[in-house]
Amino acid sequence: MRSLADRATGWLARGVIVFLYVPIVVVVVLSFNDSDVTYKWAGFSTRWYGVLAGDTDLLSSLRVSAEVGVASATLATAGGLLAAMGMARLGRRFRAVFSGGLFLPLVIPEIVLGVALLSVFGTLRADLGLTTLVLGHLVVTLPYAALIVLGAHGALDPALDEAAADLGCNAWQRFRRVTLPLLRQPLVAAWLLCFTISFGNIVMSTFTSGVGTTTLPLRVYSLLKGGLTPEINALGTLLVLFTFLIILGAGLRQMRRVLVGGDGTPG
Amino acid sequence: MPRRAVSRTLLATSFVASSALLASACGGSGATATSSSGGGKNLNIYAWAGEVPDSVVKGFEKETGIKVTVDTFDSNETMTAKLSSGSSGYDLVEPSQYTVQQLIGQQLVQPLDHAKIKGLDNLAAKFRDPSYDKGLKYTVPWIWGTTGFAYNDKCVKSATSWKTLFDSKYKGKLYMLDNMLAAYIAGLQVTGHRATSTDKDQISEATSVLQKQKNILAGYNSTNYPQLLASGRACAAEAWSGTAMAKVVQSDSHVHYVIPEEGGSVWTDGLAVPKGAKNTTSAYKFINYLLRPEVAAKATDDGSSASANQAARSYVKGKAALNNPAVYAPDSAIAKADFLLDPGTAMQYFQQGWTKVKAS
Amino acid sequence: MTETVAAPPPVSPPPSVSLPPAVPTRRTGVRRTAVTAALLAPAGLTVGALVLVPLALVLRNSFATADPYGGIQGGFTLANYHELLDPVYLKVFGYSLGMAALNSVVCLVLGYMVSYYLVGRPPRRQGLLLLLIIVPFWTDFLVRTFAWINLLSPGGPVNALTDALGLTHGPTEWIPSQGASFVGLVYAFLPTAIFPVYASLRGVDPALGEAARDLGCGWWRVHTRVLLPLARPGLLAAALLTFVPTLGVFVIPVLLGGGKHQLIGNLIVTLYTEFRNQPMGAAASVVLLALMIVSLAVFGAAAGRLRRAQRKGGTS
């Protein structure tokens, strides 16, 4: 029997998710605007999708952002997972020091870190480009990945690992068979959040991007001066639509698996 | 174990999502070329968004076979920070006039070799020997514009003076640019001083006017103020001419752009070659290309900006732009206008003052 | 075990010798340290090279003077810190701390509720819901912000709704305002609060909640006594991840708040850019950093004391 309070919480949570989509609805609607500006409706048109398809600058920015997002989110999640496992083996004091260090980048305003990082890269004579951009984003996303994985790792029951050890599993087997499966969803959560943060980052990108590696948000931000057109809305709409298709695809595949009965995977 | 299966699918899903995103982006994108010690085959430009139109870049690439990469910035300071790191990789940058002074002071740009430049005499007289770069030793002016204000005549009948922005009649419907230098142009001129003033007392006088003004402002805005004016949510707003403002003035007959009778101010964005640039030959070729009147005219036709090239005016196809004060301010209106210069050591007075204004 | 041994050895060895060593030998100790170091290396090196080194630079610059062209002149001075004592700056710090605290409390409450809802779904749907929550944030931040501006503009959809509900009468100007700015902040930081809480709440055995309920605990007690304490690591993480970055936000207060109230983020960005005063910007960051470290230490000590007190209370 679910209590009234539980049900109320459920409705509130759904409300929050809907709240997240409120501006997205506006973005989608305005992407079909025939006007040159986003604040005035001038009839239905799909012309901005055509403009978008021909806009090589914007699309190459999208590509840079996607590359940097995937690379930095993967590095940050992996680094965060390893750090969480390593920290579990540390004594209290060392753990406090190490976690303090991990969360430092959160506390320093990004512009300060960005400018300082830029002068470090300059001193090292490192050419600004994809590598520096990924490193910059890694600095920004690592604390998020580390905190999420650390939180999830801390909530694990240590008895499971011990039980596996008692059953004769070596460290690698325990990692593969126990820790990783248990942490999989938190890892997905961490990766998604890191990718999203990297994908939307402006400040760090400003200082670590180089020739030909203008990211999408940087491009959009600099377009502001001339006024944004519904083209950017079209891009946003496509991204949302695209993800929905994937969600739908994944959902269908799962459903089929359930129907066929091969739900369990070996191992 | 269903849980595991599901999470595995999810992990796969997110990777598929991202890699498909990559693939889709790759499909439409041109190759992003980076300069590799190119013997004049590449050119990397760092410019204000929209001020070097695509048509200009394409035309240059077609004519010379040089591969051009244009990256855009949204503030002079960002560009300066990149240059001072020494590893930006750009061959041409487009600083505004007061930033030119800083770049020269920090020795981040190299003197131009005038023997390699053709067509400087196409420039308008005002830009041939400007106060911020005497003799154009370091820069070639490209775009110019003004700092003034705009109003919607449904709300403000007519306006010619900065005083409109300080009039409590329009309380809650006024906006100022969210930019210290721009705010002080109004603050200094409305109190009867020059925009280029570096006098401590004059600046503090301007500060107190601006501080009082804050109470009647709806806000500080340097992004979507043209929209706010067009929709009538702003009665009047301090404004930069060019691009967004120009479009609104052209499309909405109720919005007017004014260079205030107190003077206003002229800004200009020009091209400079950073120290350590690798493809200087291409850079000079591009500068010469931009100095051609028929090319410079595209800055107006495709970028809604005023060209510093006087000869270009006869090549402009959209003649309306020539009479749109939000693109080309009339000569009479800018006669009194100064170039806004780097305040130098007076910066501290501005900093203290503006902090007081913003934090009060 | 050998079964054919006829007679036990005359003297059986002491049992402790045959058992695996309880105390790690020197060899396994070294190995253990090496593994720990290897696990910590990627994150440690990243932080060391890309955070601590730049931070040292920031610290150094905070004692330097700015040159008139916006560069850094070197030298040693305390003037940058001294200037920060001006009440104007203290006001900005105070306002930012308040705004950040409010934002993180709201995000935390909403984030916890959403996470609780998520972990109650069938596992297969949880991941999809997570994706669903994050997708809106793949649309460019500025585009979303402008969508909010459209929504909240006078005569816009939200206005129409409040008119219909009788809350407002006619066009109402909500932007720019501190309220709009706050809505923007909450919106921007919600996923940052949801994800860590979800990640740690997921590790909690749902049977625990059921058990508590079966034992007659009300809804409130199930949460405050059972689930919340177990989700503590995630909640702490979420609190950190929302509170601290809020201080550095600078676009939202300008676009939605009209730029009339500054957060520390705005202040530092202005110092770095418009004022061309990197040394003072660096000093402001160092002060912010120090403030954060002190408050985290106090926070940590308080949390530790609370936990110990709870444990003591639980056992008695």
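Order of writing sets the labels: A, B and C. Residues in every chain begin at 1.
Convention: a residue touches a chain if its C-beta (ideal position, glycine included) is under 8 Å from a C-beta of that chain, and two chains touch if they have at least 3 such contacts.
Owing to the predicted nature of the structure, the values given are computational and were not obtained by experimental measurement.
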Relative to chain A, chain with the most remote C-alpha centre: B
Closest chain to the overall C-alpha centroid, by per-chain C-alpha centroid: which is it? A
At what distance in angstrom does the C-alpha mean of chain C lie from that of chain A? 15
Taking the mean of the CA coordinates per chain, how far is chain A from chain B in Å? 33
What is the distance, in whole Å, between the centres of chain B and chain C, each centre taken as the mean of its C-alpha atoms? 37
In chain B, residues with contacts to at least two other chains: 2, 6-7, 9-10, 13-14, 78, 84, 223-224, 231
Multi-partner residues of chain C (at least 2 other chains): 123-124, 126-128, 130-131, 146, 149, 153, 272
At which residue positions does chain A touch at least two other chains? 39, 115, 119, 185, 188, 192, 221, 224, 239, 243, 247, 250, 254
As the complex stands, chain B meets chain C at residues 2-3, 6-7, 9-10, 13-14, 75, 77-78, 80, 84, 101-102, 105-106, 172, 178-181, 214, 217-221, 223-224, 231, 233, 342, 344-345, 347, 350-351, 354-356, 358-360
Could you list, by residue number, the parts of chain A that touch chain B in their complex? 36-37, 39-40, 53, 56-57, 59-60, 62-64, 66-67, 69-70, 115, 118-119, 121-122, 125-129, 181, 184-185, 187-188, 191-192, 195, 206-207, 209-214, 218-219, 221-227, 239, 242-243, 246-247, 250, 253-254, 257, 263-265
What residues on chain C touch chain B, complex-wise? 67-71, 86, 88-89, 91-92, 123-124, 126-128, 130-131, 146, 149, 153-154, 173, 176, 254-255, 257-260, 262, 266-267, 270-277
Contacting residues of chain A [partner chain C, same complex]: 3, 5-6, 9-10, 12-14, 16-17, 19-24, 26-27, 30, 38-39, 75, 78-80, 82-83, 85-87, 89-90, 96, 98, 100-113, 115-117, 119-120, 135-136, 138-139, 142-144, 146-152, 154-156, 171, 182, 185-186, 188-190, 192-193, 196, 199-200, 202, 216-217, 220-221, 224, 228, 232-233, 235-236, 239-240, 243-244, 247, 250-251, 254
Touching residues (chain side chain C, partner chain A) in the complex: 32, 35-44, 46-48, 50-55, 57-58, 61, 110, 113-114, 116-118, 120, 123-124, 126-144, 146-151, 153, 157, 187, 190-192, 195-196, 198-204, 219-220, 230-231, 233-234, 236-237, 240-241, 244-245, 247-248, 251, 264-265, 268-269, 272, 278, 281-282, 285, 288-289, 292-293, 296, 300
